[in-house]
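By written order: A, B, C and D. Residues from 1 in each chain.
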Amino acid sequence: MAILTLLLIPLLASAATVPMRNVRRMELLHLLSAAGSFLAAVWLAAEVLRSGTVTWGDGFLYADYLSALVAALTAFVYLVSAPYAVGYLRRDEEQQVFAETGNGRGSFSKLRKYYALTPLFGFSMFLVVVSNNLGVLWIAVEGTTLASIFLVTFYGRRTSLEAAWKYAILGGVGLSMALFGTVLTYYAAHQILGGESLNVLNWSVLAASASQFDKTVMRLSFILVLLGYGTKAGLAPMHTWKPDAYSEAPAPVAALMATAVVNCALYALARFYVLTERCLGPAFVSQLLILFGLLSIGIAVPFILVQRSYRRLLAYSSIDHAGIMALGLGFGGPLGALGMLLHMTFHSVTKPLLFFCAGNAQQHTGNDSLRQHPGGLLHSLPVSAPMFLLATLAITGTPPFSMFQSEFTILRAGFAAQHVGSVILFVIFVVAIFCGFFYHVANLVFGPDPGVPRGEFSRWKTLPVIGLSLIVVVLGFWLPAPIYALVNGAARILAVQP
Amino acid sequence: MLPTRELYIAGLVAYTLGIAAGLAGHVTGMARSWIARAICFLSLVGALLEFGAAIGGLLASGDLSWSLASGIPYLNYGVRLDPLSAYFILALSLLAASVSVYSFGYVGHHSTRKSPALFCAFLNLLLLALTLVFTAANILFFLIAWELTAVAAYFLIVFDHESAESRKGGLLYFLMARGGTGMLFVGFLLLATAAGSLEFSALHGVSRQLSPMVGAGAFLLLFFGFGVKAGIIPLHIWLPAAHPVAPSNVSALMSGIVIKAGIYGMARVFFDFYGALPVWAGLTVLVVGVVSALLGVLYALMEHDLKRLLAYHSVENIGIILMGFGSALLFRSFGHPQLAALALIAGLFHTLNHGVFKCLLFLGAGSVLHATQTRNMEQMGGLIRRMPSTALYFLIGAIAISGLPPLNGFVSEWFTYQALLAGFGATPDLTRVAFPIAGALLALTAALAAACFVKAFGITFLALPRSEEAEHAREVSFSMRSGMAILALACVLLGLGATWFLPVFDAITNRAFGVAISGDLVAGNGFLLTAGSAMRGTVSTVAIALALMVLGSFPLLFWFVWKRKSVQVSGPTWDCGQPGLTAQNEYTATAFSKPLRMIFAALFRPRREIQAEYEVSAYYPKSFHFESEIEPTFEAHVYGPLRTAVLSISSRMRRLQTGSIHLYLAYVFVTLILLLLFGVRG
Amino acid sequence: MSQPALALIAQVALVLFLSPLITGFSRTLKARLQTRRGPGILQPYRDLRKLLQKGMVIPDTASWIFAATPYILFATTLLAGLMIPTISAQAPLSLLGGVLAVVYLLALGRFFLALGGLDTGSSFGGLGSSREMTIAAIAEPALMLAVFTVAIAAGSTNLSTVAQSALGQSWRFLAPSQMLAFAALFIVLIAETGRIPVDNPATHLELTMIHEAMILEYSGPYLALIEWSAAMKQLVLMTLLVNVFFPFGLSAGWWQPSTLVSLVLFIGKLLLLAAAVVLVETSNAKLRIFRVPELLAVAFVLSALALISTFLF
Amino acid sequence: MLFDDPQFGNKLITMMAALVLVLQILMVAQRWLITNIRAFGVQSFLLACIAATIAHFNHAPHIYIVAVLTLVFKALLLPIVLERLVMKIEIQQEIEPFVNVPVSVIVSGLLTLLAYVVAESFHRPEEAAGAAHLGHNTLAVAIALFLIGFFMMVNRRKALTQVLALLCLENGLFLAAISLTYGMPLIVEAGIFFDVLVATLLLAILIYRIRETFDSMDVSRLSRLRG
């Protein structure tokens, strides 16, 4: 039941938005849908915590700890980005950014597009995490791409078209690889289980008998799936669309893409990881994941060191974090999985904060350039600027903020699994990334007063920032037991069975 | 028996309250200075409580350990107050107390004017974090506290973020600190993996379970990782950049105790986690110590920015401390626990002493800065008449840091000498030569330090003022003076009362080497300090002080003999016949250090330019413009090239992202092909 | 009155009243070598007496540091003198601090003297202080290393112990290490006591003077104290040399018949050393100040060799 | 009876698969856009036939539906839509690839080789008869289609041609699916079709807007966003 609610709320919201004529109503509905889906997600999580797994339609929809966790995180990001989006878009209206892209009724159609597509986007992400059938899973992931393409082109600039094109094409290729992988998995299962029934593609079914699958097929299938969903998660070298899409999309959408979508992609990857790992043993999967993880973290380093726009900076940072999570999964063992999921949790709380602060800064100063920025944001944005700094510290894994703990856990996992070399590389990269990231943001925030008029009077834009920062700070010192239970349960699903 | 645990926790609570109050004050925009004062008071209370806790920890028989409440399931805030921790807490809380007293009068002025409340909040955060660093009992907690220190320090340094100088300094500090932490990560985890636990208690003597390679690697990583924080050469460049630009009470804390966190870490690793190390380890530490000491003081001599000068002296003194540690390591390798204990005591004692007098000097410099609004010594002079007590305290600090009897600096340097001397007899062939050479260089360092502080004190406080500000300087407020007074007193007491202080180290050396030698270090019923035994050499600071007073009064005796009180008239200084001696005629700081600049030209590569304007002939110059600078070797030849190299490589790598979708697709395509081949193969 | 107390008084008297004699002697000898008549050997005593009775001019820029310096200098030098065995191997205050204390007490005196020089505000003072501190600094390692060589050989930094250990084996000074160390210390002595070729005590030419420049503003009793301290410092360092390297004739304790003999021997040794210094002075020209480091580098190398040779032979 | 002999079916399928491959390589060599689109249509049609054949010989009725879907969507609808687009934005017909035609053909040959290598690793002699065996040849073709399609995407400048290439790639997938496992479960298959359709439509819209914003179809000009 909870599953269905979770899926229906955003779907209906999006459907209901289309015929609407009044922007304020759309906003209200948007907020309601966000709140509703968050409650639904919490409900689902509660159900899962009470009784291991929740299913619907004889296992067509299926939620265990992992799904519940990712669903909750997605819903959370959706929840916080909704009010921010309202403020953000209102600000855009004031500044008449839609004016110059004057196709048809200008701003109204734009806003409707936004309020209709975002819930759809949310819906497809929820579908990703609750669909048991790997085929449906793939469809849902493709759905996230389709729903978000026109959110990327939202501003209709030349650059946003370019970004959207790259996003669409690379996403399309990636997903067809993922599909190929899925087909191969199905083939492997087909040899063992036979039959055309739908359940043959159900993860819960496959996981049970994965150990007997054909090794070669599974190996190829995992390679393709890794490349496919890796593209979606933005692992190097399939990451190239990310900086463009993230810097062109509106800040709230970028926040959703940088956290929720990445989580979903990694979720899909993790599902296949379990199957392959049960079939082939840990060695093969982990070496691939470690390779791609390190590659992603490493590729982020130079681009962060000499970055020119802070929106792209954030994009590279999320490539880096996708890499870190992949690395955690790759190191494996109970610690690795735990570290990865903790990191996912904390990342989903911190990254939106960064995007919101960056969005506020960008809307206030009119550009997101690091080069010709006078600095001294602190004087004009008394809320966002310091929080930007705080979020930067948090995202770069600085204590007391919680990402430090998850990164440390992943490090330990690496040592436990004897991957000393990779761990050392990891540490070097992370330090370098911190240097670049913090250098840029500090120069942005600190400095003498550039004489920019004092900004941010819209509660809609400041309250989410304040709220999120509070959560970030609190998470550094207090991790609520249920969340930890969820994470732990999920980690047990991913952990290598001895 | 003290309620140590309660005191400790109460102290933490006080600090925390300070932080909370500060933030509240800042958010509600109540920037009035009484809030700041209240918060300073909180930190004072916290410091005193921690002081009590430290005493308790030193008196306690076993180590006290407990864990603080943690809201995170997989994270326990284990706390342990073993003698070493207690000792550092002692140092910390002493300095913290005096700095808080000083801050009463200090906050709310110049750089901290914007929001004193927030400033005090960060100050409390720094103190809290340091307390945790010194007492954390497992790696994760330690690293958290460790980084927290860096964060707090960073924000204190850049508190005046409108000045580019402090932004730059703070950033350099923060980034290098993170680099160090990176090394610590790996080093610690290497140990932890061997021990199978993150608890310090489990890490005791873990080195036995390590393969030599891993052991060596972890040792170097940890040594240099902590070295960054301690400011050893060549990892020191952040120190002269960051310490001077911070508000002075912060600089005092940073040079006084924050860099000692690095020393604490080394002590913890060298003498708790590691058993006997190979000889090269000890030699490395010794050599690094010597180099840091010597180069530190040489660079200090070239400075005429008062606070930068002091900062470089921190590098020097860290070097001296490391000489003690290094010889302790060597002695342990060759199986001389007694000597090892002596050397360790020398190092640890100097740690405390340096903390005290460096803090004192920075507070003094802060007062001068407060009064004259400049850090440039060339603009000062004559302050001894305008701010007499500051001058007195600064002088005491200067004597102490120059290692002159009878103050505390002398005692710890004396022990260091004795340790080095003993080293010659105690170690086999070639290693032994290292010790006396190190001793000689230590002597050179000390003498140069003396020269440097003759310059620092003489140019700053003596003779005529060189600028308007110095002319109209006023003595600082009572609280600031008393803050300095406490430390000056500590300098004297630690110097004269050394014999009574030494037993503190017994527990530590006992833990490290299984010997307690304070009994042997004291002779003549608590009157003499000895180097392990009276035969090896003795000194008595108390007696020296007394004797100096007695002998100093001899001359008065002469006046008494020739019952003629000799007449004193005061007249102008000899001005070579040109009427009116002005500040123009005075010797400048630059001129003072010129001989040494020439002698060590090979190191400094001094560059100078002189522009003279002439009126009628070359014999009657109208005005001179003289400018001289030395080449900052490490910045210019190590870090500069490194930075440019990294950045240029990075900008070359940006070409990976040219914007061509075909290229992007090609990446994926090639990856796919390769992996397919790999998949079919594997 | 107990033995040690008497010994103490005796040594105080010795250091106080013997030191001007050495100065006087070397001045006269120098004059003679330059075929001048020169002042009498007792001239320094007369100077001191005269100065002590004169009035004095205090520069109006000066602070209490200026006034305190003479006393501190006097006290530190005298105390250093009491820690060194003179006629008896058992120096009265040797327990209060060994050779390290001696060196550092002298350094303390120098510290204040240099401050006093700066306090006047005249450029001479600064010039003097700067050069004094520089030369002292670069003389330090050679001095310490030589001292270490001795201390290591005796296994103690306590000068009486050193002297006693030397007493037993009187021909030890023939050991290469001892000779090298002696040579090194001799150079240091010249530098520390401000003699040609390092400094010229007789000049007031600003280009060359070091010590004199620092004390240019001092007059009357203060000047007397400073001059006296300079003489005592010279005595201290010379005693260090003669009694550590040529300890023969040191009486085991005070108040023995041998004491008188050893007193004579002691003075004899001092005069010999003084004569040697004078010879060097007259046979050399003053060095440029930036050449001095080279000289002291030689001293450093010598003492390093001395050290190494201790474990070679 | 001929139409029940699996051997015959096997031959038939292999033959058609080979045709598909040839078509693909033709498309690589082909310079005219419209022809390309039509070739794609034919290719899809052949795929539909293959599906039907498999459905017939393996008595898997649900694959008929798949075949029909393919016929409707891929063989008719999409080509029409695309041709409309081409007409609408009268782009000049020439395709200018990065790598000239001969080289491209050689590359495609190599890719086919690779495809066979990969497919070999699936080959299980012990289960020589039946589906798996029937799969094996066609699987190679499928993988080849996939890789060559990918290569075309890398190689083609114009937005439209990239989409076309993407569709060919999807065709490869489809072939793999039906030949290996007689297609995915029906719902999944339908969903996939739907997705592909929507994707193509969205891409078509994008192309349209790119065209009107940049006055060009050459996506290699879309390189504002760097670093």
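The rule is simple: a contact is a pair of C-beta atoms (placed from the backbone, for glycine too) under 8 Å apart; a residue touches a chain by one contact, two chains touch by 3 or more.
Keep in mind it's a predicted model, so treat the numbers as computed, not measured.
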Discussion item. Applying the touch definition from the top, give me the chains sitting in contact with each of chain A and chain D.
Written reply: B
Worksheet item: What's the chain with its C-alpha centre farthest out from chain B?
Response: D
Fill in: Between chain A and chain B, centroid-to-centroid distance (C-alpha), Å
44
Practice prompt. Mind checking the centre-to-centre distance between chain A and chain C? Centres are C-alpha means, answer in whole Å.
Written response: 79
Item to complete: Determine the centre-to-centre distance between chain B and chain C, using the mean Cα coordinates as centres, and give it in whole Å.
Response: 35
Fill in: Length of the line joining the C-alpha centres of chain B and chain D, rounded to whole Å
70
Worksheet entry | Per-residue multi-chain contacts in chain B, two or more chains | 654, 657, 659, 661, 665, 672, 676, 679-680
Item to complete: Give me the residues of chain D that touch two or more other chains.
Response: 118, 121, 150, 153, 219, 222-225, 227
Worksheet item: Tell me, which residues of chain A touch at least two other chains?
Response: 162, 165-166, 169, 173, 216, 220, 243, 303, 306
Worksheet, complete the sentence: Touching pairs here come out as A-B, A-D, B-C, B-D
Worksheet entry | Interface residues, chain D side, partner chain A - complex | 60, 62, 118, 121-122, 132, 146, 150, 153, 159, 162, 166, 169-170, 173, 176-177, 180-182, 184-185, 187-188, 191-192, 194-195, 198-199, 202-203, 206, 209-210, 213-214, 219, 222-225, 227
Worksheet, complete the sentence: As the complex stands, chain A meets chain D at residues 133, 135-136, 138-139, 142-143, 145-146, 149-150, 153, 156, 158-159, 161-166, 168-169, 172-173, 176, 179-180, 183-184, 186-187, 190-191, 196-198, 200-201, 214, 216-217, 220, 243-244, 247-248, 303, 306-308, 312
Worksheet entry | Parts of chain B lying in touch with chain C, wherever the complex brings them together | 382, 384-385, 395, 399, 402-405, 410, 414, 417-418, 421, 424-425, 429, 432-433, 436-437, 439-441, 443-444, 446-448, 450-451, 453-455, 457-459, 461-464, 524, 528, 531, 534-540, 543-544, 547-555, 558-559, 562, 564, 566-575, 581, 583, 585-587, 591-596, 598-599
Fill in: Contacting residues of chain D [partner chain B, same complex]
98, 114, 117-118, 120-121, 147, 150-151, 153-155, 157, 219-220, 222-227
Discussion item. If we count contacts the way the header does, which residues on chain A are in touch with chain B in the complex?
Written reply: 162, 165-166, 169-170, 173-174, 177, 216, 219-220, 223-224, 226-227, 231, 237-238, 240-241, 243, 284, 288, 299, 301-303, 305-306, 338, 376, 378, 393, 398-400, 402, 404-405, 408-409, 411-412, 415-416, 420, 423-424, 427-428, 430-431, 434-435, 438-439, 442-443, 446-449, 477-479, 481, 484
